[in-house]
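Chain naming follows the written order as A, B, C, D, E and F, and within any one chain the residues start at number 1.
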Amino acid sequence: MSNERFDRGWKKLKEINGESGERITENLKEIAPDLAKYVIEFPFGDIYSRPGLDLKSREIATVAALTALGNATPQLKSHINAALNVGCTKEEIVEVIMQMAVYAGFPAALNGMYAAKEVFQERD
Amino acid sequence: MSNERFDRGWKKLKEINGESGERITENLKEIAPDLAKYVIEFPFGDIYSRPGLDLKSREIATVAALTALGNATPQLKSHINAALNVGCTKEEIVEVIMQMAVYAGFPAALNGMYAAKEVFQERD
Amino acid sequence: MSNERFDRGWKKLKEINGESGERITENLKEIAPDLAKYVIEFPFGDIYSRPGLDLKSREIATVAALTALGNATPQLKSHINAALNVGCTKEEIVEVIMQMAVYAGFPAALNGMYAAKEVFQERD
Amino acid sequence: MSNERFDRGWKKLKEINGESGERITENLKEIAPDLAKYVIEFPFGDIYSRPGLDLKSREIATVAALTALGNATPQLKSHINAALNVGCTKEEIVEVIMQMAVYAGFPAALNGMYAAKEVFQERD
Amino acid sequence: MSNERFDRGWKKLKEINGESGERITENLKEIAPDLAKYVIEFPFGDIYSRPGLDLKSREIATVAALTALGNATPQLKSHINAALNVGCTKEEIVEVIMQMAVYAGFPAALNGMYAAKEVFQERD
Amino acid sequence: MSNERFDRGWKKLKEINGESGERITENLKEIAPDLAKYVIEFPFGDIYSRPGLDLKSREIATVAALTALGNATPQLKSHINAALNVGCTKEEIVEVIMQMAVYAGFPAALNGMYAAKEVFQERD
């Protein structure tokens, strides 16, 4: 029955970030397949599938939080990609990351910006 | 000449969060008036006054970051107010805070939600 | 169908921490009832219900993490209670918190210890 | 034999922050007297007693770090007092805390400044 | 006289994590030999040598904290090794790390799990 | 008119850390030139140019904070260089970083020390 949440999450993750689902599942399949399952189910099947906030705003929130926390670069890059996929412009992403200088300091904003730069270059 | 930035920041802060400018200025006037000046100038005169991202998205980013960091409740409450002032619905704010369970854990999301609850009650 | 996870989580939370479920549900019922539901379902219905690690070890892990993070005192106190409920001795909890001086610094360990002191006094 | 470290630490702590040693010892005596002992021995008997950096610089470093971390207000206030005791001026402390806006964001600097304001008022 | 603590710490560290003592001492010998000495003395000579909590529980606490903090991968890997050395199963370590999704978010849990994956592969 | 702040910041940054200004400007020129401008203006044109705290003490504060935060290694290395440039001895920097074991835990101090080791080696 949790299949319903998983299926919804897998579809949502596909919509947001292409092959992310496969990559996480592949990375964790030997060590912790259930963590991959939870990643699909809770964040994507439950949270990102909720009404009440559009996907663009959800990705802005996530890029902001991961830039501010400053200790999860792979996930930040993944969500910069996701933000672009759901309709954010590069400029909007740059603005969100720059704004984090105010709330988490300039090093967090700079390191977030370098992550964005890599993502933008990979996509070009 | 930095007056131009200050004036723009003061006006922007007024637009976003009513009497915040007076409160910060009052709180810091004896100990560190220049910090109050910088708060007006850099975050509000420079950052929030930039084009490229609408104010609603800016406040979503800030509420997300402060919920995730989890160590600045007064500023989080101030920006939940600001988010409402610039057009976010309560539902959207609740969604942003809830989503932080994914990126910063359930305690951060719960404590952010309790802060939102207080702000909503104060405004009613 | 998510009822199965909720029911398992509610039962597990009852086992671990008495009236916590009611308290969280009550606190969030007006602002974000779904967050209360997720708290029951994911942490307790999914994670704490898993085999592979006994409840005592799970609470040791949680008390350690919340002491180290240092920004979620209400949840730390709740899990110090939970740790006692599932069989940790006060001495073991004191040791876990003290050890965090090594990994998160003395202020985190001291503030965690003051939280434990309050919980121990409330229970006596 | 650890008495030598404890005695040196106790004396150093007296020099830096008056009755802090008694307060920590009193607060922890029932729950974790060994943690109080370690606080005297390692930070004060080992670290603050080292040559190679003057006490004023050591307190500047500590006030900076605790302001930036933003989750240990009681210890920050204690070290603002200590900084004044070992020769920092109020102005220097204000500058250190203000500078943290750059590295940890404005909320951390503001909350650190409010802590300094309370300490300054208590001492006046 | 601090030799007693150092000797006890060195022996404890040997028991927990083989050649770690030599590696830290070697890494720090030119820049900060006293920091290596303190690492042996305080964490291992004082804390891990205490009665009141078994080594397996101590390593569970440390793996949990370092996964949650998310900014000390080399030390997390070292303590995943240590956890295995003192009797934790791979499954138990996986459970501890997975549980941190609840308290520090999914990125912290994922990055901790990738660290565990590397450690497990190196040992195989 | 913001040129005055920029010019003062550029000169201050030159004084503190040689070619840093060019490097940041170069790194950000395509993605976020305004962030480079703000880095020059606010931290260096406003904060580091203030009277009331000497540059040596300012760099001690920054090295302490970045070591404690533990998630901004490139900026920590840059400020270890800056600290040496404005008159800190290697020994003083080592002491500041070592002291962070007390406030942010041993992993933060160890990782900060490894960063210092790299900087010292690059300069030799």
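Observations
By definition in this document, contacts are C-beta pairs under 8 Å (C-beta built on N, C-alpha and C of every residue); 3 or more make two chains touch, one makes a residue touch a chain.
What you are looking at is a predicted structure, and each value in this text was computed from that prediction instead of being measured.
Common neighbours of chain B and chain D (chains touching each): A, C, E, F. Across C-D and D-E, the chain pair carrying more C-beta contacts is C-D. Interface repeat of C-E: among B-D, A-B or B-F, over half of the contact pairs recur, by residue number, only in A-B.
Homomeric contact chain E/chain F is classed as different-residue, with under half of its interface positions used by both copies.
Farthest from chain B in terms of Cα centroid separation is E. Between chain C and chain F the centroid-to-centroid distance comes to 39 Å (mean Cα coordinates, whole Å). Inter-chain spacing, taken between the CA centroids of chain D and chain F, is 23 Å.
Note: centroid distance chain B to chain C, computed from Cα atoms, is 30 Å.
Among the residues of chain A, those touching two or more other chains are numbered 34, 38, 42-43, 50, 66, 68-69, 71-72, 75, 94, 98, 100-108.
Taken as a contact graph, the chains are fully connected, with every chain touching every other chain.
Residues of chain D touching chain F in their complex: 42-43, 47-48, 50, 52-53, 57-58, 60-69, 72, 75, 91-92, 94-96, 98-104.
Listed in rising order, the residues of chain F touching chain B in the complex are 1-2, 4-5, 34, 38, 42, 46, 50.
Across the complex, chain F meets chain A through its residues 24, 27-28, 30-32, 34-35, 38-39, 42-43, 66, 69, 71-72, 74-75. Those residues of chain B whose C-beta lies close enough to touch chain E in the complex are 68, 100-108.
Interface of chain D with chain B (complex): residues 69-71, 94, 97-98, 101, 105-111, 113-114, 116-117, 120.
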